[in-house]
Structures are given as C-alpha cells and as structure tokens.
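Below is one structure. I have some questions about it.
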Amino acid sequence: MNSYGRFFRVTSFGESHGYGIGCVVDGCPSGLALSREDIQVELDKRRPGQSPTASERREEDRVEVLSGVFEGRTTGTPISLLIRNVDVDSSKYEALKNTPRPGHADYTWRMKFGWVDLRGGGRASGRETASRVAAGAVAKKLLSKYGIEVVAYSKEIAGIKAEGFKADNPGKLRKLIDSSPVKAPARGEDMLEAILAAKQEKDSVGGIIEAVAFGVPPGLGEPVFDKLDADIAKALLSIPSVKGVEFGAGFGFSRMRGSEANDAFILRDGRVQTETNRCGGFLGGISNGMQLVVRAAVKPTSSIGKKQASVDLEKMKETVLEVGGRHDPCIVPRAVPVVEAMLSIVLADHSLVSGLIPRKL
Amino acid sequence: MNSYGRFFRVTSFGESHGYGIGCVVDGCPSGLALSREDIQVELDKRRPGQSPTASERREEDRVEVLSGVFEGRTTGTPISLLIRNVDVDSSKYEALKNTPRPGHADYTWRMKFGWVDLRGGGRASGRETASRVAAGAVAKKLLSKYGIEVVAYSKEIAGIKAEGFKADNPGKLRKLIDSSPVKAPARGEDMLEAILAAKQEKDSVGGIIEAVAFGVPPGLGEPVFDKLDADIAKALLSIPSVKGVEFGAGFGFSRMRGSEANDAFILRDGRVQTETNRCGGFLGGISNGMQLVVRAAVKPTSSIGKKQASVDLEKMKETVLEVGGRHDPCIVPRAVPVVEAMLSIVLADHSLVSGLIPRKL
Amino acid sequence: MNSYGRFFRVTSFGESHGYGIGCVVDGCPSGLALSREDIQVELDKRRPGQSPTASERREEDRVEVLSGVFEGRTTGTPISLLIRNVDVDSSKYEALKNTPRPGHADYTWRMKFGWVDLRGGGRASGRETASRVAAGAVAKKLLSKYGIEVVAYSKEIAGIKAEGFKADNPGKLRKLIDSSPVKAPARGEDMLEAILAAKQEKDSVGGIIEAVAFGVPPGLGEPVFDKLDADIAKALLSIPSVKGVEFGAGFGFSRMRGSEANDAFILRDGRVQTETNRCGGFLGGISNGMQLVVRAAVKPTSSIGKKQASVDLEKMKETVLEVGGRHDPCIVPRAVPVVEAMLSIVLADHSLVSGLIPRKL
Amino acid sequence: MNSYGRFFRVTSFGESHGYGIGCVVDGCPSGLALSREDIQVELDKRRPGQSPTASERREEDRVEVLSGVFEGRTTGTPISLLIRNVDVDSSKYEALKNTPRPGHADYTWRMKFGWVDLRGGGRASGRETASRVAAGAVAKKLLSKYGIEVVAYSKEIAGIKAEGFKADNPGKLRKLIDSSPVKAPARGEDMLEAILAAKQEKDSVGGIIEAVAFGVPPGLGEPVFDKLDADIAKALLSIPSVKGVEFGAGFGFSRMRGSEANDAFILRDGRVQTETNRCGGFLGGISNGMQLVVRAAVKPTSSIGKKQASVDLEKMKETVLEVGGRHDPCIVPRAVPVVEAMLSIVLADHSLVSGLIPRKL
C-alpha cells in the first residue's frame, strides 16, 4: 500500500492533478535539527525545467512542514510534508480516459481500482515521487549525523556508459554529478545528445542509475527475509519505470567463477575490509562495512509522441493513440534523486531497526 | 526478520546443523486439500545428490506436518512444517570459527549477532531454503486451484544461455526442465560440462534463473510501495546468492527506445492483451494479465576448494583459508525450486490481499 | 507509532498548537461515495463549545480533503484529510515547560522524546482525536454500505448511570443521545448537574462510554492474536484518558457462574442467535452475529483548577502547580464520537481483512 | 493472525488434539543465556493436575528447543519451541461436532473457517496458551537481565477478593502466590472452597487476575496508537476467556474526581516519582517509572456439566447439550501464568522497540 518502512515509516499521498501531494514521516528520532530548506533543497533537484531534456511543466514544488518539528528540531512525532499542485491542465486527459497508454499504468489501475483518477497519471505519475524525495531529505539529514551518505547518478543513458570516474569520495562525486546536464559523473554531454536525438524523433530513451552509500557500518540487514539488499530492491522497484535492480557485480556474477567473485578479506587501517568489492557491500544480506553499490534499470519514458496501438476499453475496439503534450524524453536524470531518496529511507529504517541510530538523539 | 508476507505469512526457523529446520505458514485459507506428499514432492526437487554436480551430503529432507491440517484439508490455522537434520558433521567448521570464508555471511553475521552458530553456514546456509520450498509447496497448491502456475528454470549457467525453447505452456516447459541435468529447458548438457570443468579446477560458476507465472489475472499489486514486482524483487533477493532481479526486458530496457519498449494493447480472444510482453506482465507494479517473467542473477558458489585470503578475527591477522569438504560447484539448479517457491509465496500473498483468493475456500 | 490498521490504515499527524492536524486513510476501497460534508458532520460532533460543560476554545475544525477522492468517489488511493489549527494561544504553556501536570503525559513524553512540543498538550492532546474522528467518518460511510452501524454514548458520568433505555435500534438510540446535553440516552440532565458541580469546585469527573455495533455478521476477528475484541481493546485504550475496556458483561463475569455466563444458542428468524448477549457479541474473539457491546472507562479530566503538587524538572525541586486556562470538567461527551470512530475503524479494517467488504466496491 | 509483536515476535501454532503445539520466537537478541529448563519451569506452572480444582488431563508439556540456541546462548535467530500432545482422547468430541457449546468458540470458528478441527477446542483451546507461556519464558529471561519482573496472581475468584497483602516486592509476592492452592496472595483457601462448591453443582466460577511489573523504566510505549497500555490490552484480551482489562484504578476512575485521580509528582530517592499510583504506571500510554498494574476479567469456564440449550447446525434444530468429560471449574489459576507470559512478551517487545534492550547483548 502507501507506507514504507518499520521505524522510519513513510506514508505517501496525493495525485498528480489533485490538491497536492505529500507524505507523513513517522518514527524519525526526536532532536534532529531539520528545516524546511533541508527538504526544499532536495526537492529542487528533481524539479523539471532544469535541463533542456526535461518536460516543461512548471512545478514550483514548494514544501510545507505541517507537523513534527518544533523550534527547528524534530519531536519524534509524525513529520507531515505537503506540496501543493500548481500549473495543472487536465483537459488533454479526457481523450485518454478509455484508451490506456502503452507502457503506462492506466490499464492496470483501471482493472484494479475500477474508479480511477488518471489525470496526469493520477497516483501512478512520476509526480508522486516528489513525496519520496521530501521524505528522503529527512532520512538524509538523519543519516548524515551518523556519517552515512548516499550519492546516486546516471550511470548509463541510451547505451552510453559513464566510465573512468572515481566513486570513492562523496563530495568529489557530487561535484561531478552536479555539473552534468544529465546528472552523470562522466560523458554527460554525449548522453544529452542522445536524448535530444530521441526527442527529435518523438521517442524516448532509458538508462541505468547507480547509487553508492558511504559510511555504512557492518551489521545492517535483518535476515532471512528483511535483508538489507532485499529491502533496497523492493524500495527501488517501487519507483515508477524501474525494471531491474542489481548489487555489486550483479548480473555480471552469472558469468564469473567463484574465485573471481569472492572478495578476499584483508586488514586495512586496522579494520577488516575486503580487497575488492564485487559483492557491493552485502554479504548474506547484511552490510559488511564496505561501500554499498546498487544499480537500477530505468525503462525509456512511456509517453512518446509517436502513434501507438491501443484499445478503447469502452467500445472494446482496437484504436490508435497519439499522446500529446510535453514529455520528458528521458526520465533517468529526474529519477536520480528519487533513487537517492529511497536508498536513504531504507538505510534510515535499517539504522533505527538495528539500533545504530537511537530513537532519541 | 524471519517472516514473509501479510496474509500468506511464512515464518522460517532452524539452522543447518541444529535439530532441524522448518516453517509456519499462517493465513492459508481453510478447506484446501493438502497432504504431506504435496510438500514432500517439492522438497525432493531441491534435494542434493540428484545430479553429478550437487554436493553429496545426504539429506533425506522428510517433512512432517505438525498442525493446520485436519482430515486432509487445511483449517485456516497455522500450518507448521518440520524437517529434521540428518547426516550432520560439524567437525570441520571448528577450523573456520574465527576465519570468515570469502563470499559467505560468516563475517557479517558475526558482526551483527556476536554470538553465532556458523556450523554448516548456520542459518545463512542454503539449507534454510528447504523451509521456503516447503512453504512454497502450500502456496503452489493454493494457486493451482485458481489456475496460477509458476515455472522456474536455469536460464543461463557459466555464460551458456538456454535459448530456442517456448515458454508458453507450463506443462511442456516443465517436461523440458525435468529431463535436464541442470533444470534448463535447453543446452543443459553444455551447462553441465561447464560446471564439471569448474569443479575440476576447484572452482564454481554462477548463472541466471528465469521464472514464468502463468494464469495471473490483472490487478495483483498494491501501489505505490507494495507493488507486485517490488515484492517479488524483495522475495528473490532474500534467497542466498541472488545478486540481482529484473522483470521482462529488465536491464535491456536501458538500451531501448520508448517506441520499442512499450507493449501495444490489442484485443485477442475478446480480451485486452499486449502484442509483446517486454514489460514482463507488470504495468505500474500491477499485473496486467500477461505472463509474469522474472529473472534472478545467481553468483557462483562461494565455497570453493581453492585457497583464499582471509583474516583471523581472533588474532586480527591476515591468513590463508582452504575450505575443505564437499561443495556444489553450481547452485543454480538447486536454487531453481527456491525461486519457484518464493515467487509462488508472493503470488499467494497478493492473491489473498487483493481478494482474488478468498480466505475460506 | 502513528498508524493503525492493516487494510483500512489510518496514519495520524499534527500537534495541538502547530499548523494543524490530520490523517491519511489508506486502503479504503475505491468507488465509495464520499464528500467533505460526510466527514465534517462527524467532526462537528466532537467540537467544543457545544454544551455548557465543554471548554470554550473555538475550534472550527474545518476539514479539507487533499487526495483520494475524484468526482465524489474514493479512488482506492490514500485519502488525506487536513484540519488547520485556529484560535491557538500558547503563551500560558511557557510556565508549564519544566513542571509536568499530574495526570498528563508531559512527564513521560519528556522522558521518552527529550525534545518535545508540549504547547496545548502537543500531540498527547485530546485535539489529536479530531484526526481519528475524521478517519472514522470514512469508516462509518464504508460500513453503512454493508449494514453496519456503530453508536456510542455516555453510559455513566460521575457515578450516574444511564439506564432503562433500549439499545436495539440505532436510529432511536441516536435520537436519544442527540437530544442529551451530555450524549447520554438517559439521565443526561442529572449528569450535567454533577459535571457543573465539579466545575464549581475547580474539579472534574469521569465516566463510562458504551458503544454498540449493529449489523456485524459472524466471522470478523483473526485468532489467536488479532481477535476482534483484542483489536478493539487496543484501539480504545489508545484514546487519551481511557483506562479500561470490557466486552458484554465484562468485569461482571468475574462474579458469575458459568451457567449464568453462557449464552444459550437458539434459532430465531431462521438464524442461529443467542438468547442472551452476555458475551457482547464475541466468542473466541470472533463476532457471533449478535450486537457488539463494548465499554470504556474514562478518567476525570486531568486539567483541573485546583493546586497540585509537582516537580520542577529543571531545578529538580518539588513545587506546586496551578493549571490556569479553560478546561472541560468532563471529557466523556466529547470522547463519545472518538470511541464511535475508533470502533468503526477497527470494524472497517476487519471487514476488509476478512473479505466481508471487497477492496473494490 | 498467529503472530504477536514487532521485534520480539511470537508465532504460535498447533491444535489441542493434533501432533503438538509450539511457537517461534523471532527477534530475541543474541547472547542471552537460555536453557530448556528455563522454559520448562514456566510451563510447569500452568500444567493441569497440580491442584484439586484443575481438570485431570495429564499433559506432560515437555518442551523441546528446536533452534535459535547454540551452546546455551541465543543466536539472534528464531527460537522454535515444540510441545508434543499426549493423552489425547478425541472420541467424545464427535458428539459435539454439529452442536456448538455455549460460551465456546465452536460456532464462530465454524462460521469463519468452515472446515474446522474442534477436537478438544482445536486451536481455540486453552491448550494453545502453553505456547504463549513457553514464549513468555524467553521474554522473562530477557527482561530479568534488565531488572524487569512481572508477577501475576488471582486477585479475585467467585467474588472473593485477595486483599491486605503487599505488592511492592516481587520475591515476597511470589512466595505468597506459590504457597496458595489457587495462585492468590491472600484468601486462597476461601477461593478454593468456592470453586469446589461450584464444581459440586456441575458449574464454574470466574475471577480477576492482577499483574504487576516491577522495574519498568519511564519511556516504554509508542503513541499515539501503539501505547504501552493499548498493546497490553490487546495481548491480554487475546487470551481465551478474558473479557475486560483495566489499568491502575481502571473502571474505578469513572467515579473519581480529577483531584483524586491525578497522581502528584514528588521527588523520592532523588528520582521523580508519583505519590500515589492510581494511573497504574501509565501516563499518555507511556510508562512513567512506577510499577505497572493491570487487571484482567476472566469469565467462568464455559464447559460445565449442566445441561444447556444449543442448536444442531446440521439439522438446524434447537437441542439440549450435555458436555461430558473433565472440566476445570475455574480457569483463573491456570490463566495466571498466561497473563504473566503475555505481559512479559509485550514488555520485551517494547523494550526492544524503544532501545532499552539492545538487539545484541
């Protein structure tokens, strides 16, 4: 349903074309310094209209903190965050009412719920992820107090891979990403070109987002079912358009030998570490103290300008659909902060569950 | 922790070298015909010693049904299943007590729990998955009453891909798999050869397991967080050695254009279907009525005969480890029924949650 | 924490003197006709300033529906409800900052959370219950579609018992209650007099609230832990000032013999019923088809004008406290709609869990 | 369903006349010294055949520890406990198959589950509570390490109240209780006489169980829904035959004035305490550092020798029922260890949730 987490529990609400969207963050420890700006700054990262590739809808995405913070600190009570919708034009969705858009959730929501508000994608819209980014901002603030930092970026777009950069320092990495038009630490211009080429053809492209978590101590994860990687997988797959998740060498493991795949244990700086990090920081579903490395496959934007075949569900007749309006030819860059947020939420939750972060700061 | 699911809730218990392992299946509807044999037959599929590649430990894996069934039918009360351990030799594990095996969970369990029983891998052992297969047998029996069937198989081992088979009929597919030495619908002999080659070199290989679910109606999945694919991802990633999960075209989506990626809606047999099934049966995290297609990346067996570097945690000194004993050079075939079981458990849970299957039959 | 329920899941947020309070209702089936007025009418029942006994703070308690409803029907997505705070004067709470008020949660919240917003009772305030009444209004609308109705009333105030009325028809019962100054079906004037006498003496009185649920079919309740009565007990005890809960003959059972206590089964109107209803409609924690009868003990308002002993937690010195301001000398009547709401929420949740109410209407 | 708790999570299974009963305790921290005898000693307290009043079925109730303990210490993995059934005679239940016993769960289970095993009460039997006592033994061992001890006793039986004893020292209190034939700290002989008088008349009596928790620090409880008292209420109401729960002055509050009801804060031994403890140790649903005082109303045993009216559900005809066999004329003494167990389980769970007890000892 619409809540995620046990101790750092996020309940998301709102539709793309309704009054607004928001979330309630329950379980954040009391005593954490938190301001509206801490949240706004994260929201601004996923705002459209920043780059030449994003859709041009002007969302101001101004967050309001309705509860849970008193004189600049969290009180341990639910933090409720609200973002009002502005610049909403629902007129064009009337035409799509009975004709599900390929690749979108229109058909399945209709089958499941019967009575639906599909204007702007309704609740299946990417817009819902703004709630996640807002909640993630709280998680990030909490984690940073304990030396944990998550950095996500476009690892691949339209087949172009970001390579040759170092992912060992969160600050440097973030600088690379922030200076890129597509949130990639390398080859961002090439990726942008490929996106614009697809746009030209009324088409769209997909990609891969990678996220690295720095400073995670050993011991997070609750086997055998609530393993840390299992929970991350669920959280990332719950993001619209994500179709796969892998950890460390991931699918590459399937072609390795055990002698290549195993990371040897070594002593470094008086601490047990692994020489390589093919496992991506997870052993038996528990963090091993190395950097966590996760990747999510993002499908190309489903909304494309090209004509597509569909079915009129009212008349039960095949038809051809042309989805008008402004569309983002590649959602990978905008999904980057969402991946960062969800991974931070999972880590905040597991940190509280494992006792790494106390319930009162 | 050690429970999975909301309405079809599996609680797993037991260690590799303790009294036994087992599980409690809570929430299975009353009135389902269920016998001990229904469960035994599934357990037999993951039993070692079946093929030339598996480790030779003789596990009889005889399941006992301790509760929840009366005169051959489930009563709606918890079904508890117990499998006693036999043929347990814990002597060799004494040597590994302070030296974590690379790729295994020894180190992280020790960091997390402090006091651990690592004999035979303890609870992080693949043996724990027998509990899942037993619980999955109940799920499969329940699903079959509603026309849903899950079939899993080795899709790739050591880089050799099973191709050219048809996955449109569960019966035919199962025949292909059952006649393969490695549970692959094609190229099984080649895969076996590659496994034996690795064994020869005291090494191991990994692979990919694919699972297809037939007969799933549209409407399963609880957005925005408990999406069907998200829950499947968590369930599969909770299986030891699984390092990645993808749906439909999965990571392949990242190199597609939207016009290739979208599945057009069509009318076939008076029913709304999609022309292609690149999305793997999920739209917006809800089943769309097509076959569900899921793949899991399995890393090579961590236990290998080769010498490996590790650290003696007692003396805090680097050392070299040689893991003796019998090891399975490829766990992919034995993990196939586990994937089948976990996917069945998720589908049973969602079927109950969505109301597709009633709580009293 | 701040969520209640599995399928009809209410997440409450907000503080007495913050921006506002509200809740998110997740899991309400799609297709239910629901208007802002449906909720407002319930909220108006707990509004202060209605009777001579209530505190005079003027809360408008105007509810806004932020999501989950489209063209007058629920969509199956989270219904978020917001009530802004008005008429808030926090000045007097400065004096109480370090001196916990006897009977209140000031001390324990401070011990638990460290950093607290105790203005107006913060989140431990009775004001939080407005969120519950709002969520309960949705539950009531849902239940009414399935013939279930909950009616609560003041059963006893200051030792004066409401007796001699019939509780067999919800409509008639509600008429009696609505015409009473203290929401009692009988002896309301006597109760009012006792309340005013206590007020005169700067004191307060307690009482008992009884709730009856009509139309509940047999079969609600999930033994052995999530029994219907057990879940109701938890829900009612979560209401501020409730200190006890009993079902049917309740504590009176302790002095009965088995032959008096057991309700004989009879056939009436072709239906299995019980001749008496001492069990209050619950057998083995499952509804038996008779009316559900529940009672909650409510302690006298903790805020009284009289001087009370306390401790200055900053100086760690005993002191004397005089709680100024307006106080309600008896909260029983205002708690009546809260009991009605919580019982309705539990019944809605169990109706969905058991499948009595489908997830799509 | 059949699990209780979040972090100290008990899953109960088994039927009265099946193979056996048992439970899985998940989430108990690793490193706790725990032996089979620790559990057996608690089970022995609820064994029948100890006093002249109990039913004479000879249950050996020998517990086996199947997992979760290694070399005398818990490992943080699920602790599974099994008690085999012996001395089971199901023959007499055939006669009751279609005729529900008044006061029992026969009718409601049949309505809910359809297909039921009612032999010996099936899973609604008091026998199921042996699982709770076993799980409670683990909770007690854990709590005792942190200075928390729960003592329960018969506070009232057949209208005879235990009075004039001191409940300020767990050791002394337990001595009183252990030397009583009915687990009462006072007037045990009178209670026993009343029980035997009822037995003579083929009837039964009820009573009240009181439990006191010593050593609970301030801060347990998760408002606003998972309050400590609310969770205790649910746990106690889930015990068969319990029909009411109250805290501190409980229902007595309803006749008090606020000035009587409030407990003044004082400084004693350099610690903030309350002069009286009418609130029973709970303020705002959070423990305040005083002793917790809880009472549960227990109805008279439903099984009585007297003839009772019922309905034959097969023939849909009214009939008269005579329940043969051995029955306990008063279950209060045997329910005492169950109350103790459930309260301990709730406290263990909240201690882990609040961080008072760490997840690794």
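So that you can tell them apart, the chains are marked A, B, C and D in the order they are listed, and the count of residues begins at 1 in each.
Throughout what follows, contacts are C-beta pairs under 8 Å (C-beta built on N, C-alpha and C of every residue); 3 or more make two chains touch, one makes a residue touch a chain.
What you see is a predicted model; the values in this text were computed from it and never measured.
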Between the pairs B-C and A-C, the one where more C-beta pairs touch: A-C
Most widely separated chain from subunit A, with each centre as the mean of CA atoms: D
Separation of mean Cα positions, subunit D and subunit C [Å, integer]: 27
Interchain centroid distance [CA atoms averaged], subunit B/subunit C, Å: 46
Approximate Å spacing (C-alpha centroids) for the pair subunit A, subunit C: 39
Multi-chain contact residues (two or more partners), subunit A: 1-3, 12, 112, 123, 354
Subunit C residues within the subunit A interface of the complex: 1-3, 9, 11-15, 18-22, 24, 26-27, 30-31, 64-68, 70-71, 73-80, 82, 112-117, 122-123, 360-361
For the subunit C and subunit D complex, residues of the former touching the latter: 1-4, 12, 100, 102-105, 107-109, 111-112, 123-124, 128, 156, 158-159, 198, 203-208, 218-219, 221-227, 229-231, 233-238, 240, 243-267, 270, 272, 274-275, 279-280, 283-289, 297-304, 306, 308-311, 313, 316-318, 354
Complex interface listing, subunit D residues touching subunit A: 6, 354-355, 358-359
